[in-house]
Amino acid sequence: MRVSRTHGFRQTSGAVIVVWVVVALLAAACGGPAEPTPTTAPPAQVQPTVAASTQAQPTQAPTGVPAATSAPAVKPDHVTLDFWYSLGGNSGQVVEELVKLFNESQSYITVVPTYQGGYAEIMAKTWNAIFAEQTLPQVAQLGGAPLVGATGACVPITDFTDGPNGIDRSKIYDAFWDYNKAEGTIWCMPFNNSMPVLYYNKDLFAKAGLPTEQGPETWDDVISYGQELTRGDQWGFNTHDDTHWYLSTMILENGGQIINQEETECLYNSPEAVEMLQLWGDMVNDYEIMPPAQHKEAGTDFLAGVLGMFFRSSSTLPSLVRDAPFELGVGMVPAVEGKDRVAPIGGGSLVIFKNSNPYILEAAWEFVKFMTSEASSLYLSTHTGYLPLYKSSLEWPEMQAYLEQNPLVRAPLEQLQYAYAIPVFPSLGTSDSALRQAVEAVELGASDPQAALDQAKKIVDQDLITQAQNKQ
Amino acid sequence: MTTKPTTGSVPLWQSQRVRKGLVAVLWYALLSVTALAVMLPFIWMISTSLKGPKEVFTYPPSWIPSAWRWQNYIDAWEGAKFGRYFLNSVFVALAVTLGQVITCSMAAYAFARMNFRGKNLVFALYLSTTMISTQVTLVPSYLVMKWLGWMDSYKALIVPFLTSPFAIFMMRQAFMTMPRELEEAARLDGCGRVRFLVQILLPLSKPVIASQALFAFMGNWNSYLWPLIITTRQDLRTLQIGLRYFVSQEGGTQWGLFMAAAVLVSLPVIVIYFVVQKSFVEGIATTGLKGT
Amino acid sequence: MTNGVIVEQNPGVHRSSWWRRWGEETVVAYLFLAPSMIILLAFAFFPVVFSIAASFTRWNLPYRPVWTGLTNYLYLFTNEVGWPAFRQAITNTVYFTLGSVPLNMAISLLLALLLNQKLKGVGLFRTAYFLPTITSTVAMSVVWMWLYHPSNYGLFNSVLLKIGLPTERWLRDPLLAMPSLILMGIWHGMGYNIIIFLAGLQNVPVQLYEAARIDGAGTWAQFRKITWPLISPTTFYVLVIGVINAMQAFAQMHVMTQGGPLGRTTTIVYMLYHEAFESFAMGRASALACFLFVILLVLTLIQFRLAGSQVHYE
């Protein structure tokens, strides 16, 4: 048996690193700062290769080539629109259904819907496409959509809503418009929105001798109910794992804010916020009605009947009705004693990407208008857990009939009057995760609320500075 | 090799046959227990796939569904347009597998058996491409696709994966253990390098080639983010994207359906694995070639 | 090509023909490398070079990158927010790698030895151990969440209760979270290693065992004297790619713990993922990737160097 040595790797070690770094530096030096495309054109000038056409092969044009079919002066006979969306499961099927209804409602426009992953994936995909000046769809449904607007890739939706073929914006709740605002402009159309609501297990409530017809009104109620409900393997209260949303709700109710008006400073360490995180921590460590850092399991605990109250998005309602083997109750967001409820909205919106062809933009708006009409809003909100957009929704006869059949939906709908939009700013991803970390630190007793929130503020403030540099 | 040599005459319970039997019983027992433990999560997945929505999460958890809902499988198949996705996945994974076996065995042969300038450097450069996280190479890879005009095409799903440094490395390890005399003899008989690789080296390394082919197939079968980012058309989508469609971030996932879909998606790989696993143990030892 | 062989057969060859032979072999070798090299150049080398360059820029998607020199690295190593997080991520990455790679290798080798038998039903067993590797990550995470459930009805906890031990909070316990992920990682990854070891074991000629048995060598001696040295190229391979993969572990953290509790499972790549896909700070993510890249490169080259005398080929 011969033993041979793997030779020469000694010399190789340095050489490999040198090769990589030299090539990278050379590439950077030649191509500008790691910029393969020398164009300094703003990313907004993305031209979808799909122009008005009668054939439905949207992506046949070689993609590197800028669309040769831009801006025909005459109105096309037929327009095909690409539509990206990011809702899976039942909600996704409802979106497909709405698109089908639109396609059947007229013959001039055909919309081709494609699922592009969840909010994170579709965002990655959109950013990639904008950065690489690559084909974008004409319309997309995204979470955090106003941020796309702020990069200049899409047309402010007010160009359409306030135009000749527009709509009466005052019919839709103001909070929904605020939610689609960035840097003072309304970029996109509210579509699928939700708010936190308080789900509770009526069977457990009855067993604990609590009133089953209504959920807790205030956070004090949550605590006293929770103490009744907590026993053995059973917990009183818990939230889903996007804890930042629920703590933000409490902070806003207590009169605090997430960020200052100019969006230059995070306000997480305000006394109002600290007080609420203190309350949160007390629920875990003092009253012991909520298990520490167990939010990922909260949903299954609730369905398994070992959790009394569950704070989560209203969009989950239909699936809880479907999956819960007990009698479900839904209550509004609990209020801070003596103060108003506040329900921060979340969810996705529809954006229309820039296009040099006015007929395509027109068609895209026609589609968006259909998707957010009163009829579609009714359809979406009665087939998923998303909320209707219109102030008059509770008075619609169809909605009233639906509420007769599904009384649980009443609480989220009535809660719409408290809807509130947390400002959408580029550091939102960072600020959410910073707040989640603060919650976790307090729950596990690793930090007191003030210190945890000071730290969160520090993280966000630093990111705000970085994000501001992008615009320079 | 688990049997000890026997010396001289021994009592019955120590006889070769009894010992062999005992060892076999022990072997079965040990493997059964560990296999069951390993399969536990998988069994739970199958059990969930047959449950209705109201009994997925119960307290305490139940292993056996109260009523077996085979309907979940039908709904899963229809709900995700699996038919087309399935064909795409099979086509892409097979193309990648074939390509990897060809390009990797060629490269591995060069690394294992030839002396050339820059060998170590090139090998290290190859291997080092696996050390950078795919999360950051996504954007530059996307740019390459754009420059080539390959967005939204099978090419984008296949070509970038036609070689694998890990597979090259593994095959190199295998080829290096082949006796050098083998090649010298073959070459003297006028056998060219390509023929030597195809007719002698590859068949002798069957276990390694089979295992690397399986990994290539699976790696591609399971890829999700790249196909999602690089294709926009429905008709180019693969199974994993169909599977994720069942996961609803805000709306609450239908776990019964999802698990049924997950079982369906992994079924082909299990079948392929079961078929090829025999060749993992058909190597040099059984082809009768003696070690040096 | 056959010329080369003839030259090789002739010991009294001139220096010049040696050069010719080397030159020719180099050309042939690069021809064999060409297919893989073309693909890697376009789809691997370029992205790596791009990422290294990007690490010296401020680059938030979808904006253009702006050259900022060492700013990203300074953020990671000196910033009051960046450094503590980065330091914790390095610790966690090392913890995960040291915890999972050797254990995974040992278990996989043991199981591969058991599966390398010609007994009835061995194919079914081989398949069973491979099932975890095939299972979809999302499906797997749902199952494991229930196994690790922190309350009394989690499967592990209910077993602990039955045998009279105190229950644990597993993934939700800052100290136990990482070991729990390591265990899950081994469960998920050993299928690969078993196959590789099985393939490697075929390189051990059965005749050697027969000879050893005649010499009176026991099971352990046979393993140490024959199996271990003869599968060393395989073991070496499993070690090298095991380290490369473990240092880049991310999926389990992403689906099970989101880097928590208290950041105890935030690995370098999880941190990188957060920068790249939640903040879209590609410059900073690239800096993290490049740091890991250099560490892995050095680690791998050290392994190759150390392996020189340990790994037996032919």
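Which chain is which? They are A, B and C, in the order written, and residues in each are numbered from 1.
The rule is simple: a residue touches a chain if its C-beta (ideal position, glycine included) is under 8 Å from a C-beta of that chain, and two chains touch if they have at least 3 such contacts.
Predicted model only: the values in this text are computed from it and were never measured.
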Farthest from chain C by Cα centre, which chain is it? Let me know.
A
Could you tell me which pair, B-C or A-B, is linked by more C-beta pairs in contact?
B-C
Which whole number of Å gives the spacing of the CA centres of chain A and chain B?
36
CA centroids of chain B and chain C: separation to the nearest Å works out as 15
Multi-partner residues of chain A (each touching 2 or more other chains):
1-2, 4, 7, 9, 12-13, 16, 20, 36, 124, 128, 131, 233, 300, 304, 306
Out of chain C, which residues touch more than one other chain, so two or more?
48, 50, 54, 61, 146, 153, 277, 293, 297, 301, 313-314
Junction residues of chain B - those touching two or more other chains:
59, 124-125, 128, 138-140, 143, 176, 244, 247, 291-292
Quick check on the complex: what are the chain A residues that touch chain B?
1-2, 4, 7-9, 11-13, 15-16, 19-20, 36-37, 58-59, 62-65, 82, 84, 87-93, 114-119, 121, 124-125, 128, 131-132, 134-135, 137, 194, 233, 299-300, 303-306, 313, 315-316, 318-320, 322-325, 347, 384-385
Which part of chain A faces chain C closely enough to touch in the complex?
1-7, 9-10, 12-13, 16-17, 20-21, 23-25, 27-28, 31-36, 40, 43, 120, 123-124, 126-128, 130-131, 151, 153, 233, 241, 291-294, 296-297, 300-301, 304, 306, 426-427, 429-430, 433, 436-437, 440-441, 444, 446, 458-459, 462-463, 466-467, 469-470
Which of the residues in chain C come into contact with chain B in the complex?
1-2, 5, 8-9, 22, 25-26, 28-30, 32-33, 35-37, 39-40, 42-48, 50-51, 54, 61, 111, 114-117, 119, 121, 123, 125-136, 138-140, 142-144, 146-147, 153, 155, 158, 187, 192, 195-196, 198-209, 213-214, 216, 218-219, 222-223, 227, 230, 233-234, 236-237, 240-241, 244, 248, 250, 269, 272-273, 276-277, 282, 285-286, 288-290, 292-293, 296-297, 300-301, 313-314
Which stretch or stretches of chain C touch chain A in the complex?
48-50, 52-54, 56-67, 79-81, 145-146, 149-153, 169, 172, 174, 229, 256, 258, 260-263, 274, 277-281, 293-294, 297-298, 301-302, 304-305, 307-309, 311-314
Which positions of chain B touch chain A when the two form their complex?
53-59, 79, 120-121, 124-125, 128, 138-140, 142-143, 146-152, 176, 225, 228-229, 232-234, 241, 244-254, 291-292
